[in-house]
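Note that the chains take the letters A, B, C and D in the order they are written out, and that residue 1 is the start of every chain.
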Amino acid sequence: MSNAMRQIAYLGPSGSFSEAALRASNVFQAGGVDPVPAKSVLHALDSVRNGEVAAALVPIENSIEGSVAITLDELASGKRLVIISEVVLPVEFSLLVRPGTKLSDIHTISTHPHAQAQVRNWLSANLPDADVIPSMSTSAAAAALMGENPAFDAAIGQALNSEIYGLEILADQIGDSSDAYTRFVIVALPGDLPEPSGADKTTLSVFQRENHPGGLLEILTEFAVRGINLTRLESRPTKKTLGDYYFSVDFEGHVNDLRVEEALMGLHRVCLDIRFLGSYPRHDGRKPVVRAGVTDTDFETAQAWLDKLKGT
Amino acid sequence: MSNAMRQIAYLGPSGSFSEAALRASNVFQAGGVDPVPAKSVLHALDSVRNGEVAAALVPIENSIEGSVAITLDELASGKRLVIISEVVLPVEFSLLVRPGTKLSDIHTISTHPHAQAQVRNWLSANLPDADVIPSMSTSAAAAALMGENPAFDAAIGQALNSEIYGLEILADQIGDSSDAYTRFVIVALPGDLPEPSGADKTTLSVFQRENHPGGLLEILTEFAVRGINLTRLESRPTKKTLGDYYFSVDFEGHVNDLRVEEALMGLHRVCLDIRFLGSYPRHDGRKPVVRAGVTDTDFETAQAWLDKLKGT
Amino acid sequence: MSNAMRQIAYLGPSGSFSEAALRASNVFQAGGVDPVPAKSVLHALDSVRNGEVAAALVPIENSIEGSVAITLDELASGKRLVIISEVVLPVEFSLLVRPGTKLSDIHTISTHPHAQAQVRNWLSANLPDADVIPSMSTSAAAAALMGENPAFDAAIGQALNSEIYGLEILADQIGDSSDAYTRFVIVALPGDLPEPSGADKTTLSVFQRENHPGGLLEILTEFAVRGINLTRLESRPTKKTLGDYYFSVDFEGHVNDLRVEEALMGLHRVCLDIRFLGSYPRHDGRKPVVRAGVTDTDFETAQAWLDKLKGT
Amino acid sequence: MSNAMRQIAYLGPSGSFSEAALRASNVFQAGGVDPVPAKSVLHALDSVRNGEVAAALVPIENSIEGSVAITLDELASGKRLVIISEVVLPVEFSLLVRPGTKLSDIHTISTHPHAQAQVRNWLSANLPDADVIPSMSTSAAAAALMGENPAFDAAIGQALNSEIYGLEILADQIGDSSDAYTRFVIVALPGDLPEPSGADKTTLSVFQRENHPGGLLEILTEFAVRGINLTRLESRPTKKTLGDYYFSVDFEGHVNDLRVEEALMGLHRVCLDIRFLGSYPRHDGRKPVVRAGVTDTDFETAQAWLDKLKGT
């Protein structure tokens, strides 16, 4: 590896979904990236914060299981990081075994609980009596299966795991939802804010001033009045008391868009705190439909009108 | 009159409510003002637009009869004028007669229809059989009463009318509502925008892009999201077709307030047109209650936060 | 007149716009109506309240001058009346003279101030030096012109006036706005609520609990959440103090529509008072566009779902 | 166990947080309950749906880690269940070992990832080099520790685990957040709707008609206009495509409250689907503050007013 390579951490081990996502990212494909496995989401993020790596790719959302709480919460607190890219991968599961194992040999399976949930139907139909042992990740289960005296007979994971660990694929595409996806984000220290691509998203953590009736309505109105479309909203406990929440929000647009600027400032004023977690190109390149009245031109025209009015 | 005097037109004739209002205004009391009667609201406003006078005082609202449509509509179209001051006068009516007339002599009375409406109870009780002839103003009725062969026996108007025209007050304070008020505004060509006093109002004419369901809600939300309190709202026909309206709006705050600036630009973006009719001190000096999040400091703090975020 | 005839009062005198409107109404054309002139809007409404007549037609709105304040205010207070029909007439003005009068003979003209405003351009071009004397109505001016020693040389009114009073039309269609309209309503005592026609409007007077920031937004939200489209909104002083308003509102729909029922009850809960002034067919028969979710079927389906849920 | 006992399933094994929660519930304390451990949330819910047990207690939310996705999603689909009670337990963690083990003997620890996250600080300070192996539950880790050849030296779990499995508590109250709580719900087949207690919550799954800008604002407005206070809101993927969400919502009030009835019907009309998941007493007995205009009395008064108006 040349010194000029940029190290980017991913949730390991090698062969994980996260590595596949990193390799599929536009950041990797631009070249010069050295992927580095991390033990956990926390390790990956900490290595960015500490300056050990240039960036980190972590899972943030899964069409089956929803948000990855640890990612949302770690980004919402501690030293601020910003998302510079997102990657979306289809989820495909395989039943992995040590070479020679047959379906009838399988009594115990290990996999990540999320993966288990996604192959529930296949397991009920094909291995209804198998015990399932949870693992920290599908890669970890695969690795353990090739280790000494594994405590289980099979692992459920990605096909990529089979290559890496020398496992055999006994059944392919066993996931229930053929259109399941996982979304990953690449985060870096602030300063790497990407230029607007014309099809961007922005992510925020929004902390209410207090939990009052209509508080969320107030927050959503700050977006609506500037014609901004939310793509994800989630209340997350603030880790203080039950019922005290912050909101994790994704919306269409870039911080350089004037409607986004004004909405951010509006939120800053009505909220206790607001954390900007980056503006970055959408994975699918879909441009937002911006209603009349909130384009940059509309904002500039209104400003010019006001300036003239005030004689400034 | 010295050339240094500023001429300010008012809805005449001499002795009218409007003259009394002008004399009570802070503009007059600052000195150097030469009051000039105008035949009508139109004449008064045109004389400002033509540069014949420095400003004009016209009635805009009456607690009994509501808005003065002609004033609202004339300010909403034509060459733009701005309100630089407001004056509020209590409405007090008297029964005026030629010297020597007794109550039993009165069979016909002349007054402005608005004044008539305000003394309805007194008339029912004291002169139930009298015919009432409408006049263009209470002053005009008083003047005509002292003219040759008046067509009526009494006029209803202000006490001030009696001094000017040599009339006698036969009954005083005959108005039904003791707390009735008339609001007047002094308008000038743009350029005379008063400095913020800390207790200001702003007036607008707002033209919707089209008359659609929820259109007014959209307009009001632009105010609400910036914590701006409306003090008057009125739909007025645009003089095009039945059902096509513009809105005449008063609200608390000065165009120099950052929340007002942002709301004005927001309205400019969502509306077909918006006419700024001035920011001026409230007649009663009542300061607005500005909620947390929309003070100038809040706006400046949010801007500084955004600037820092963007590294600008 | 047969005793079986229903007497309906109108703002007289005979030949007035109001009479023309009454004769154009579907109520009149259904037959059995005996039109009765009233001296004023007040007289007309009082005669309904007293049971002297079955109904009264009064002007409520004019595309040029806006709402007729006296009508709105009289309907908003006193014994409750309901609107059972609306009529819209185009406004057409003529210059009326005593037979033989020429344009060059005209130095003084009488007309109602509203009519004067509507022929301003014609007067400027054709009789720029004529004095205009205000009258209580265009009919009154016409009548006075044929009286003894009229104080003016011409009247501006409707062509109908000429037939009734034996006047000559010196100039026809002299109004500035060719598309000007006046809207009239026929009011009766409650009990005559018309059946839904499928293209109805409803009129309310809405009194706020107190004048607070966002109060009007709250009221409009009660309509918006049930998909109801306002067609007119006006703040009117409550005749108590300056700045204390009620709202006069027209909207699409009939009180029998379930979305209207729920909105009315919602307003009743959040407002100090709400006065129902009738549901009646639109003059133009235009059916409202009702969005998905607020049709009667939607309301009934939701109720059935809730009943089943609760096991009732 | 008598046949008269009601079986209630909980997320086992015996000694789990869930069992402790069940024993703390008002349902258990009312007597006649036979707690039955279930292997998973799915097993517990299925046993209710199949009629094997009368009810099931499952975790739904944790102040540290947020919602329990599997519980929300399982309640949002399949045969409908309703929440009849909620229980909130403080989270307290202990380091559990086989008798005789010292801190210096510990190199590998097993616990549930949620528990691991909650003792992060204690681990960093006291066992910085220990490897942590994820388990399906804290109980499972405790049980395995007492099994043959455990793969780890300690477990992190509740004190209750120690009694059940014969483990020793080496360190007590090692959780980072002293005010952490877990919320559990007891669910049953519909039909067991509890009577209003005066301090109730209601839970819904709300499915948008389509993902459109302002869609969530529309949903929140249905609550806000009836003065209903949300206590939890979460977007959850519908398991169809990335970016297609439903909302899991808790709010104050009981389905028998008239404001709740109207809001539910409003949501039913504007949403694709809405699933009612029960009204039940709040664990803390805190009564909602109901604003003027939305009490049952306000609803009844408005209905009576409307009925009188319509003559029904």
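Here is the rule we use: contacts are C-beta pairs under 8 Å (C-beta built on N, C-alpha and C of every residue); 3 or more make two chains touch, one makes a residue touch a chain.
Because the structure is predicted, anything quoted here is derived from the model rather than measured.
J.: Any chains in contact with both chain C and chain D?
T.: Intersection of chain C and chain D contact lists gives nothing.
J.: Same or different for chain A and chain B, when you check if over half of the residue numbers at their contact belong to both copies?
T.: Same, since most residue numbers here occur in both copies.
J.: Rounded to a whole Å, what is the gap between the Cα centroids of chain A and chain D?
T.: Once rounded, the distance between the two centres reads 25 Å.
J.: Could you work out how far the Cα centre of chain B sits from that of chain D, in whole Å?
T.: From the centre of chain B to the centre of chain D is 60 Å.
J.: List, in ascending order, every residue of chain A touching at least 2 other chains.
T.: Correct list: 221, 224.
J.: Among line, ring, star, complete and other, which best matches the way these chains touch?
T.: The chain contacts form a single closed ring, each chain touching exactly two others.
J.: Where do chains touch, given as pairs?
T.: Final set of chain pairs in contact is A-B, A-D, B-C, C-D.
J.: Which residues of chain C touch chain D in the complex?
T.: Per the stated touch rule, the residues are 190-191, 193, 209, 221-222, 224-225, 255-256, 261-262, 264-266, 268-270, 276, 292-294, 298-299, 301-303, 305-306, 309-311.
J.: Flag every residue of chain C that touches chain B in the complex, lowest number first.
T.: Going through chain C, the ones touching chain B are 61-66, 69-70, 73, 88, 113, 117, 133-136, 151, 177, 179-181, 183, 213-214, 216-217, 220-221, 224, 227-237, 239-243, 245, 291.
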